[in-house]
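First comes the structure, then the notes that go with it.
Letters A, B, C and D name the chains as they come in the text, with residue numbers starting at 1 for each one.
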Amino acid sequence: MNSIGRLFCLTTFGESHGDSIGGILDGCPAGLSLDFELIQSELNRRKPGQSTITTERKESDVVKFHSGIFEGKTTGASIGFSIVNSNQNSKDYSHLKDSYRPSHSDFTYSKKYGLRDYRGGGRSSARETANWVVAGAIAKQLLSQVKINAYVSSVGPVFIDKNYSELDFSKIENNTVRCPDEATAQKMIELIESIKSEGDTVGGVISCVVQNAGIGLGEPIFNKLHANLGHALLSINAVKGVEFGSGFCASEMRGSEHNDLFNTDGTTKTNRSGGIQGGISNGMDIYFRVAFKPASTIMQSQQSINNSGQEIALDAKGRHDPCVVPRAVPIIEAMTAMVLADFYLLNRTSIL
Amino acid sequence: MNSIGRLFCLTTFGESHGDSIGGILDGCPAGLSLDFELIQSELNRRKPGQSTITTERKESDVVKFHSGIFEGKTTGASIGFSIVNSNQNSKDYSHLKDSYRPSHSDFTYSKKYGLRDYRGGGRSSARETANWVVAGAIAKQLLSQVKINAYVSSVGPVFIDKNYSELDFSKIENNTVRCPDEATAQKMIELIESIKSEGDTVGGVISCVVQNAGIGLGEPIFNKLHANLGHALLSINAVKGVEFGSGFCASEMRGSEHNDLFNTDGTTKTNRSGGIQGGISNGMDIYFRVAFKPASTIMQSQQSINNSGQEIALDAKGRHDPCVVPRAVPIIEAMTAMVLADFYLLNRTSIL
Amino acid sequence: MNSIGRLFCLTTFGESHGDSIGGILDGCPAGLSLDFELIQSELNRRKPGQSTITTERKESDVVKFHSGIFEGKTTGASIGFSIVNSNQNSKDYSHLKDSYRPSHSDFTYSKKYGLRDYRGGGRSSARETANWVVAGAIAKQLLSQVKINAYVSSVGPVFIDKNYSELDFSKIENNTVRCPDEATAQKMIELIESIKSEGDTVGGVISCVVQNAGIGLGEPIFNKLHANLGHALLSINAVKGVEFGSGFCASEMRGSEHNDLFNTDGTTKTNRSGGIQGGISNGMDIYFRVAFKPASTIMQSQQSINNSGQEIALDAKGRHDPCVVPRAVPIIEAMTAMVLADFYLLNRTSIL
Amino acid sequence: MNSIGRLFCLTTFGESHGDSIGGILDGCPAGLSLDFELIQSELNRRKPGQSTITTERKESDVVKFHSGIFEGKTTGASIGFSIVNSNQNSKDYSHLKDSYRPSHSDFTYSKKYGLRDYRGGGRSSARETANWVVAGAIAKQLLSQVKINAYVSSVGPVFIDKNYSELDFSKIENNTVRCPDEATAQKMIELIESIKSEGDTVGGVISCVVQNAGIGLGEPIFNKLHANLGHALLSINAVKGVEFGSGFCASEMRGSEHNDLFNTDGTTKTNRSGGIQGGISNGMDIYFRVAFKPASTIMQSQQSINNSGQEIALDAKGRHDPCVVPRAVPIIEAMTAMVLADFYLLNRTSIL
């Protein structure tokens, strides 16, 4: 239940307010020289406190590896790692002991398990996603030839009005919202700052483009590439929808306009398939979009209930993200990399 | 790779033009009295040739059970079943031996596996979904108290302009397009017939509402209810996107409007969460939407290539669906039922 | 629960008295040209009625493949197959409806599942092993360079008093008991015939030698080669123990005599390790022994109980094996081949 | 590959000379009050340096829990834990960098993975088993009504000449060899001390008796109780064989003497089945024996080779166990407890 991947398999542990979080990455092939700075830089892209439009909470998020690596290379043994929770302050959450926050998991965890770690989100906290970024950064190194670029394509009603092919992915990290279109980025930042000042939150969409993944990734019938990507992406906190290639727009189209006709080299003239046909990558760019809801923790008083079914007024405390998508960009990339790494290994076994 | 589910687990086999397709359902608890007529009636909802807006191809689609059932009850043993392919005609497909049909899986299967069963879709054919309907019909019986209603909410640009709570699900089967809003249904049917007459196809959206599933289904972190539903739904042929509750619309909303406030009985005043919070069902209706692309096989001549990279003109033969969504309604329900059954069993182990 | 293998994965169904048994083999690489006569000949080695020392029950045991094979080659799709139960006669078993046969699974199945298919062994029947032989015969073809030879090394107190290296494996099939030492074989056959005439049964031991499996099969820590072999072998009906290499004798030895010293080419001077070190094959012969209990169905009246807890006298009917080991030889080989095939595929992913 | 268990699932990491070892226990039901002293006391039973007949190496082996436990109770979240390696001294092993120790995993790991953590056993070290003892101690608490008693039944040629029913399990911990028969225990200790003084090692057998496990544990066909126990037990370092109930002796018996006849209460007059029939527990004592080879590291000079294929003389250094079975007793119990816990949870899903 806390594992993802069939061969390249990550298992994780950790609550937002325990001493640490961490994971065990199983199935990474032996002989991979790891670039630890790259792993840490991916964590830094995700960590809180990196800009005015993210939470001001500070966490150093330094990963420590415990096993599976010898003299800088993977050994084929399971890779244990952990990240210390440096900034947890359990007192912040004592007021939540008996309360259910709206649209959080407090209610469902309490009902399912009969008890609940009420300090922050407990196990359901997005702090967990730091583990995924670690494993994803290793997956990226395993797939060194593959380019994975996620970016914020909309925040609330503000969106990039361009096809991804018109964007320069090298500009994604140029602004704090991680939108490669600078003019749109500024509007997004202004919107987030405005919403933050109101104590509110806002949703957004992240787009992701995978280039050079090659042909053959994906394992029908029940491990199709987009189905497993969908599973991984929907596991990310606050995600409410995913679409691949033409996505929901495809439902309005006709076959004669939707079909991707072939060039003689096997590439296609259009890419409405989003790089995946029959659940298998076809060598074109893999393209998908992920919808995030606005974060549930708002800096406004909300009506709610406690675990006795009594109405209460809930005042948020702490420091939270007014919009989660900027920090979710590296998470999307990490989940994508893990899924691709798994299929890359599986695909080694598909032909005699 | 051909299995789905952790405890309630279906493994399948079969190509569109083999002698039969079938599956093995593992993990169904012992003691379940099966209603075989209900299983067959579900298959009949999916089978080809049932109306003027589906393919005219006829298949009887009678399921035969081989094991795991004794004197009408499940025994706890694996349930083997098969469905004879009565109407396959491999000659229809000899012209496809060396051809790659646009937006089909011909190209990717050939490249991944080095060879391909070119008779129809082979393993990638939607014929496979008949297997899923069988297992789903058993899952529905295991979850007899749960009501799963899927329906066509849009075909091309024609959509139901109402919230699902305004619809009468008992009317879904009243028309051939499986849309509970009769006026919209007629427009959808007209559109499909018009598109069919042009030799073209059209996409659509299916909505699904699950009632009375109870609280506690779903297993964080990597087996969240919506993540596993997403995986199952994206496994269905022609699906390009899924969204849960508020879905993509959530990306445009603010937290203060998106949060579902509690009633004192633990229900919520709104249900933007779509019945799932933190990956676990919260007792509200589970609600999601699934986008289907237009079927790739069109009755028009298309330019394509063969496996030598030469341009060819491709003329479709056979009888195909102008719009897949009417027949996909029972498939959506089946996949949903299977995922819920799996979580229902898993949830029996969550508390001491 | 009815699946074995991580990549090369067999899922099965079937009871002794259903219409058929069968399975789905998933994960077999594409492009393997299958020799169907070889598959059938393996089934013939296992089938009942082949000699005077096995059950006289006749079953034709013809396997039919339904999918996953095209023009004689595997396609990468799941391989569905079935074997018709031609000789079941459910009337034979009506007297067992309420009875628990000693040392059978009647009692445990009834208690675990609340009901039981009382016709023969139901799901627990050794008829199931025919499925395994089919999958094993495919695994053998995948591992065409590997030689797997199992043979009967003891029946009751009669045993081969030689090291396996002194035996000529080409003689295994020369006699009905499948013992390559002809003099011992005759004693075994005489013993079985004598025991059969008394209406009794007898146990035995099968030894197995795998040659040319290569170095590197096995996946520590929890998928060690011998651990997974042990799991597969202990799944065979009537097996009570397994030992690898020096086995139980090792417990009486000293390290200085047990250690396998190296030759300079990496082979070892002795092979007490049985070809496996640290859970991974080392290139030496893989060697193990499997103990079978005497079959529980004897042609003598036995005291037993019914499901109301009343004492009953039980008289066996039907035709049964006086000694299971001769027919279990191909089953041992099949399970071994499946485990090795799985590790062969997994090992393709172990190095960058 | 580093995970064991389907629902109650342990995943581990760690090498003998890394900074720590640890694991993630997934699937433990919520609401279990943990006795941490009991967990530590199990670790103390396994730890080195506890007596004159074990290695003199000292490790404190204190387990630290990082997640999944709140206010003393399990929360349903994954339980992360680690144990610091306090006494590793990597310099001890520099002489092994290029050497292959006989009957160790040096050769196979090097060949399989292309490189090897040569500090001690690396991943293949029995230090890993400390992780298992932690998880097993939690499993024991989940199964509080089940009694699991393992004990040393033989060391080299010295064995207990009694049936387990004649033994008093409360005396197992009364001596350092963990043999409940005091006279035999003294002979075993003398033998081990004598062998230790010669710089040699010796093998042994551990017997295990599980009482009060109830009826219904085990999941045919490929997750039989004894098959999964066998898998778990064969995963333990130095194990060469397992047998259940009558074990290898069964191969010499006749059905008429081997069958366990029923009492009217469903218990059996004998227990040659070892508490398992058809792969499912029948309520009688579960009984099995596990054979250990002598440890490969001896304090004598041995001829060996290096990774260039040159002959070398190998002199052992460090402090090692002359006989591994005394410290393996809690490991056997831990693996048994984990397997039973897994089946206990699975069995909750077997009936409607």
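Methods note: a contact is a pair of C-beta atoms (placed from the backbone, for glycine too) under 8 Å apart; a residue touches a chain by one contact, two chains touch by 3 or more.
What you see is a predicted model, and the numbers here were worked out from it, not measured in a lab.
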item	value
Recurring contact interface, reference A-B, options B-C, C-D or A-C [over half identical by residue number]	C-D
Centroid-based (C-alpha) most distant chain relative to chain B	D
Chain copies touching (chain B, chain D) - same or different residues, decided at half shared	same
Chain B and chain D: spacing of chain centres that average the CA atoms, whole Å	46
Between chain C and chain D, centroid-to-centroid distance (C-alpha), Å	26
Distance between chain centroids, defined by C-alpha means - chain A, chain D (Å)	39
Residue list for chain D, restricted to those that touch at least two other chains	1-3, 12, 27, 30-31, 76-78, 109, 112-114, 123, 220-221, 346, 350-351
In the complex with chain D, residue positions of chain C that touch it	1-4, 12, 100, 102-105, 107-109, 111-114, 123-124, 128, 154, 156-157, 195, 200-205, 215-216, 218-224, 226-228, 230-235, 240-248, 250-256, 258-266, 268, 272-274, 277-282, 291-298, 300, 302-305, 309-311, 346-347, 350-351
Parts of chain B lying in touch with chain C, wherever the complex brings them together	1-3, 9, 11-15, 18-24, 26-27, 30-31, 66-68, 70-71, 73, 75-80, 82, 109, 112-117, 122-123
Partner chain C, residues of chain A touching it in the complex	7, 27, 29-32, 74, 76-78, 142, 220-221, 345-346, 348-352
